[in-house]
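Got some structures for you, see below.
Here chain A shows up in two complexes: once beside chain B, once beside chain C.
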Partner chain A sequence: MIESIISYGLAMGAAYALIAVAYNVMFSTSRVFSFTAGALGMLGGVCGALFIDRLGLPGVVGLLATLAFCAVVGVVTEFVAVRPVLRSLDQHLYVLSTLALCLMIQQFTAIEWSTVPQPFPQLIPVDLLGIRERFWMPVVACVLVVGGLELLYRHSMIGRAFLAIAEDNFAARALGLPERGLRVASYALAGAIGGLAGFASGGIMLAFFANVSPFNFYGFIPVALGSIGNNRGAIVAGIALGLFQQAANFLVGGVFSSVAVFSVFIVALLIVPQGLFGAPPARRV
Partner chain B sequence: MSLTRRGVLYGSLGVAAAGLSAGRARAAGEPIRLGWLTALTGPNSAPGIGFNRAVVYAAEKINAAGGVNGRLIEVITRDTQGDPAKAVNAAVEMASNVKVHAVFGPTNSGESLATTPIFARFKVPSLQVVQLDNLIDPEKYPNAFRFAPNNSQWDDANRHYILDILKAKKIAVIGDNTGYGTTAVGVSVANFKKAGAEVVYDAVIDANAQDTTPNLLRARSAGADVVAVWSDSTGLNARMMNARGQIGWDVAFCGHPALGSGDVARLLEKPAYWEKVYLVGYRSCTFDANGKLPARTQAFIDEVKGKIQLNDTTLYWIVAAIDGVNLVADAVAKSGSSDSEAIIGAWNKLTKWPGLFGDITFTPQQHNGYPTDEVVMSLANSAHDGAFTLAPGYA
Partner chain C sequence: MSQVMLRDSANETPRQAPLRFVRKLAPFVGLFGLACLLPLTDNAYFGLIIGRAAVYWVLVSGLNLVVGFAGQIAIGWGVALLALGAYVTSVLTAGTAFAPVSPYLALAAAGVIGAIASVIIGLPALRLRAFYFAVTTIGFATIVTQIAMAWQSVTGGGIGVVGPTFGGVFSTTWGFYYFCLAAAALCTWLSANIGSSRFGRALLAIRDAEVAAEASGISKPVMLTLIFLFAGAVGGVSGGLFASLQTYITPDAFTIDLSILFFIAILIGGRGSIIGPLFSTVLLTLLPEVAAPLAAWATFLYAALLLAIVLLVPGGFANLFDFKSRKPLETGRIIRPNEEILPGLLSAAKARGPIDIENVVLSFGGVRAIDGLSLAITPGEVHGLIGPNGSGKTTVLNAISGYYRPDSGTVRLHGAALPSGAPQTRAGIGIARTFQNPRIVGEASVLANVMIGGTVLGKSTFIETVLSLGRYRREERELRERAMLALAAVGLERLADVRTDRLQHSELRFLEIARALMLDPAFLLLDEPAAGLAGDEIQLLGALITAISRTGVGVLLIEHHTDLVFDICEQVTVLNLGRTLAKGTPAEIMAHQDVIDAYLGG
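Take a look at the complex of A and B:
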């Protein structure tokens, strides 16, 4: 039981954490929660199966093609569902526009791909330290993304520009930073991260059009719990969510595990509304 | 020969007269309009595509033989795309504008629930194949007839196999959290208890659950010696079979026809995980232990070889659709009319009508016409040519 909780819990937690990071990366440059994050996760699994299993591409090429495709979907999201509603952010029209695009992607996938889950190919036929690929791959992907983002944000000009825009959009623009270009780049990056989440967890989640909802819902919980925009918080909250969800599967079982997850989520937000890693909002006087 | 004005005039009059007389002949042999509603595109279109091949074939065969009492069958098809709203629109159009004489379909429960009251209001004779129990009610819908098994008949066959053939005593019942799965689990548990069996574990699982090991471990701890599975989610079914194999639990899975889907096979980690899995099937579409289909079905397959594509569909969809068209044609032939009352009256008197799918019997009080003893269990991993092999233990 413990083995199953840890293996499934860590793997799914890492996948949720990656989706949460995709949410955060898009949010940081646009102040928009794009609900296409779940669609990106779903596409990661479907594209991986399509490129590797059906088209016979080598695993690495299939992975790169998947990331490139999902990055393009990220860019399309920015152009189609985000840019047109940015001027009226306070009306939250992005909820409608990004959800609509997400549903379109899901329906298109259902029609063109399949309405039943399809197998995701095993890339490495041997276990790593006795652990099966489907369990270690999401965790490794998560570690690589965290490391990559740290390098990008701390040691590159473009990363610092991302941070500047996330910190103060208007000030960054006044300093001459290409806000629009950086926003498009952040959506491409988020697309690749979301796609990687689906690709890495494909062995567990399979290549299935209906994976959009679990990725969207369970991927958003670490965003809120880990404090909005905080990638480190998202990773910790994502892993905790995965472990708790799998433990709940064993302890309460069936559909009640979802109830348990959302109950704890609500209670946690009642206690710390700003998230586990956020500072309480300053009160204006 | 020169073309004169008078010649053209006489010629035109002749053509017009010929057209008029042909029109009268057509009116005398007004086609029998059969409404056919199914999902031909969209996510749930696989059954509809299979059914449709047979509907077209059956109508063409009848028409090629001169029709029914000299009247051709005109199939009016509407693609519902699996959407109840589209099915409702098509039903209203068929009943009020096209004025169909009878209707077959829709072929999924959600759409049928929505369209059955419409066809009842317009008194259109309606043939159903969906499993939902409460869809057929001769008092509420005297025009609606089902010539395929309902959920209760599936459950009866499954329970009979588990208790009387496998001789299992302690049962686990697992389904998915869809409306269908939840209802089926409830009904199955109640019927097992009524039959004196001990239900040691029952659960409703998220249809998209990634890990079903916790549920199977619980069922094993509870002492279950068989698992009744009620889910049409191929992903969930395959995950349960994988989990059963990984925990090394040697029990039979018995239940929903989706257990034998080719999509399940693709998701299994080992082919051996598909052993000891039995699904609900139909004697008419089941190979016996010698690999032979019933003679009536085999004769049909020989007849349609090269005419209906069978290798990518399910045989029961094909034979059921053939029966659907023939039931309408037969009712018009026997009653001599395509009026609503005539067709419904003919169906109400049907006794052991020899269909390809099964021998159908309707009475004014019973519009579920499929014989329960024709519902049998089959080996899940035995599919070929759209049919399965009979599960072991039957006489």
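Take a look at the complex of A and C:
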């Protein structure tokens, strides 16, 4: 049982952390959380099954096509649901516009793809250190993405421009950074990351339209508890969430595990609204 | 002052008032009248649909106050409460947990449990950001249905449980239909009472101008608790009626789509409106029925509709049909304060002593915004506070009005220390303020915005307000008259009925003063009231401030227009980098070499 808890917990934790990273990447340039993060995760699984199983593309091509498609969905999110409401951030209209887009994607998938979970193809019939593909793939994807982001942010001009916008939007624009272009780029990046989360965890989550809500909810917990914009915090919180959830799953059963996760989440948030790795915001009057 | 003149200026003679009331009531009466006639058609199918719309509206009438008035994005709240109310009522009447009880008792229990659950779901809003709160409410909705699914011995799990049937005249289809209609009508009345009261205005202030709400003595925790209790009670009852209407409930009936439907109904109808959400609830319930071939796409269409509303008509239909607010306002309006009214508005000599600020130090991170400041605001005098940008003037004001907690030093009001970090306590002890950037509810009328300033004057309880009892109605009338008086005093009475976001910047500055005067304040703190005003308007403002102080009010005036400050202040303090540069009468300050060097210029 311990083995199952750890293997499922790490795999799901890594997938949740990836969704959290997608939330963070979108937030960094727009100050907006988008419900489409969960839809991207779902699409990653569905696209993988569609491209590889249904259309018979080779695994690598299927992966690239999935990432490209999800990046496009990310860009569409920016254009349709984010850009028009950025001017009135204080009214929180983005909550509703991104939720609406997310539901549209979900419902479209349900009708045009399938309302029952579809199998996800196995790509590499090789065990890594004796671990099956569906368990190691999310972890490897998570390590690659976070490592890649650190490299991007620290060692490239574009990455530094991202950081500048995340730090101070106005100042970055005053310096002549192409804020709009970078925002679109970050949404494309987040789209690919969200898609990768769904693709990598496809072996466990399957290609299922209703994965949107679990991805949204469990992917947001690491964002909140790991503190907004903190990708390392998101990974720590994501892995912890995955292990806790699977432990509760095996010990007390499905429904009570979600009740347990939710209760812990709410209580933790009410105690530290800024997350475990952040400072409380100063109040502006 | 002559009352007749004031009434005229609000475009409302005593004869017109009832007419306006009738015009406001007409759409409600028309809608419910039509619904009452429906049984004549004897079409049971339509009876079911309209009955469902009525049941939904019972819930939406409460949610509307949470979402449309208080601006809380409680997305999952609606379906969570509907499910909870449905299961509580069904389980209690079916007797799967305890001995079966009467359906009416079960319905009442659903109301009580709904109210409690609603507060539990809603109050994280006080600590969490909007998106976090939205996510947690969706989480609650998921949890409720999952528990219903898992707790098979009580809820029947996936198989479900029989809904309650109400006996006697309500056992027939049309009998129960009228029961639902009556509940909907009652909830319309209750929620309209709240919406048009000081509670409703306070919710709008929390939504659009939270800081100003606190300065007006509005406590967000208290207001949100009250409104979540009310919404939860009607939401729970709505769930019970829903279960009875469905005759049989399973967890599948309570998907997030329903919550979305409730949400769109409020947004389409328009935030801060009652009639708008009522109409759109009916329309949205009818929509899938008339578009049957699209049934599979219903969720998609609702979501697309939500997106379209948010992007295209964020104000909803209430705004779209607000023709009155499209008529151009008179141009070249001149603000004409009328100081003669002030004595009728402000009672004389109420402050027993000054506000004393002693050695206050306040830093943000490593920056000392105020570094050992002392000054006194004396009743009946205007104290000017000037200094370069960033010298800490507004920080001083925020420390007095309780937003900031000084690191050391005290702020006292006639000897007693004022609690810091509690801005909502200031209005009650007669300290009123204005803001550097006017904080107003743009969608509400000028009159309503001024009345927000008098929130703490209301003594009637929430229950009295909900039921529109005598004391509440009398208070509301007095508050309205007082607000008209305050508007007349600052010279804005002709604009009382205008939407506030149509006013010019200078008018908003005077509006904020009127709102502050509602309190009958002992002290008035003005944060750059002359910024953005024209020369002649500054003259009028100066005369108004002087007249206010003459009635015994102690005024703190933060300004960059030093002419105005030197003209009307008895005492002036000059700040530089958080320290007192100079103190004294205007004449002394004008001659002070340090002040000339640092601020005034030679």
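What we mean here is this: the second predicted complex is superposed on the first by the 281 of 285 C-alpha atoms of A that agree within 3 Å, B and C clash if a C-alpha of one lies under 4 Å from a C-alpha of the other, contacts with A are read in each partner's own complex, and residues count from 1 in each chain.
Convention: a residue touches a chain if its C-beta (ideal position, glycine included) is under 8 Å from a C-beta of that chain, and two chains touch if they have at least 3 such contacts.
Since the model is a prediction, treat every value here as computed from it, not as a measurement.
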{"item": "When chain B and chain C are modelled together on chain A, clash or fit", "value": "clash"}
{"item": "Chain B versus chain C as contact partner of A:Ala81, first or second or both or neither", "value": "second"}
{"item": "Chain B versus chain C as contact partner of A:Pro119, first or second or both or neither", "value": "first"}
{"item": "Which superposed partner A:Phe208 touches (first chain B, second chain C, both, neither)", "value": "first"}
{"item": "Contacts of A:Ile111 with chain B and chain C, given as first, second, both or neither", "value": "both"}
{"item": "Touching partner for A:Ile158 - first (chain B), second (chain C), both, neither", "value": "neither"}
{"item": "Partner chain in contact with A:Met12 - chain B first, chain C second, else both or neither", "value": "first"}
{"item": "Which of chain B and chain C A:Ser258 touches, first, second, both or neither", "value": "both"}
{"item": "Touching partner for A:Gln246 - first (chain B), second (chain C), both, neither", "value": "first"}
{"item": "Chain C-contacting residues of chain A that also contact chain B", "value": "111, 213, 254-255, 258"}
{"item": "Contact set on chain A toward chain C in their complex", "value": "33, 80-81, 84-85, 88, 91-97, 99-101, 103-104, 107-108, 111, 213, 216-217, 220, 224, 254-256, 258-259, 262, 265-266, 269-270, 273, 282-283, 285"}
{"item": "Residue numbers on chain C that touch chain A, as the complex places them", "value": "71, 73, 75, 124, 127-132, 134-136, 138-140, 142-143, 146-147, 149-150, 211, 256, 260, 263, 267, 296-297, 299-300, 302-304, 306-307, 310-311, 314, 364, 398, 403-404"}
{"item": "Sites on chain A touched by chain B in the complex", "value": "1, 4, 8, 12, 110-111, 114-119, 204-206, 208, 210-211, 213-214, 246, 249-250, 253-255, 258"}
{"item": "Interface residues, chain B side, partner chain A - complex", "value": "41-44, 177, 203-206, 208-211, 213-215, 217-218, 234-235, 238, 261, 263, 266-267"}
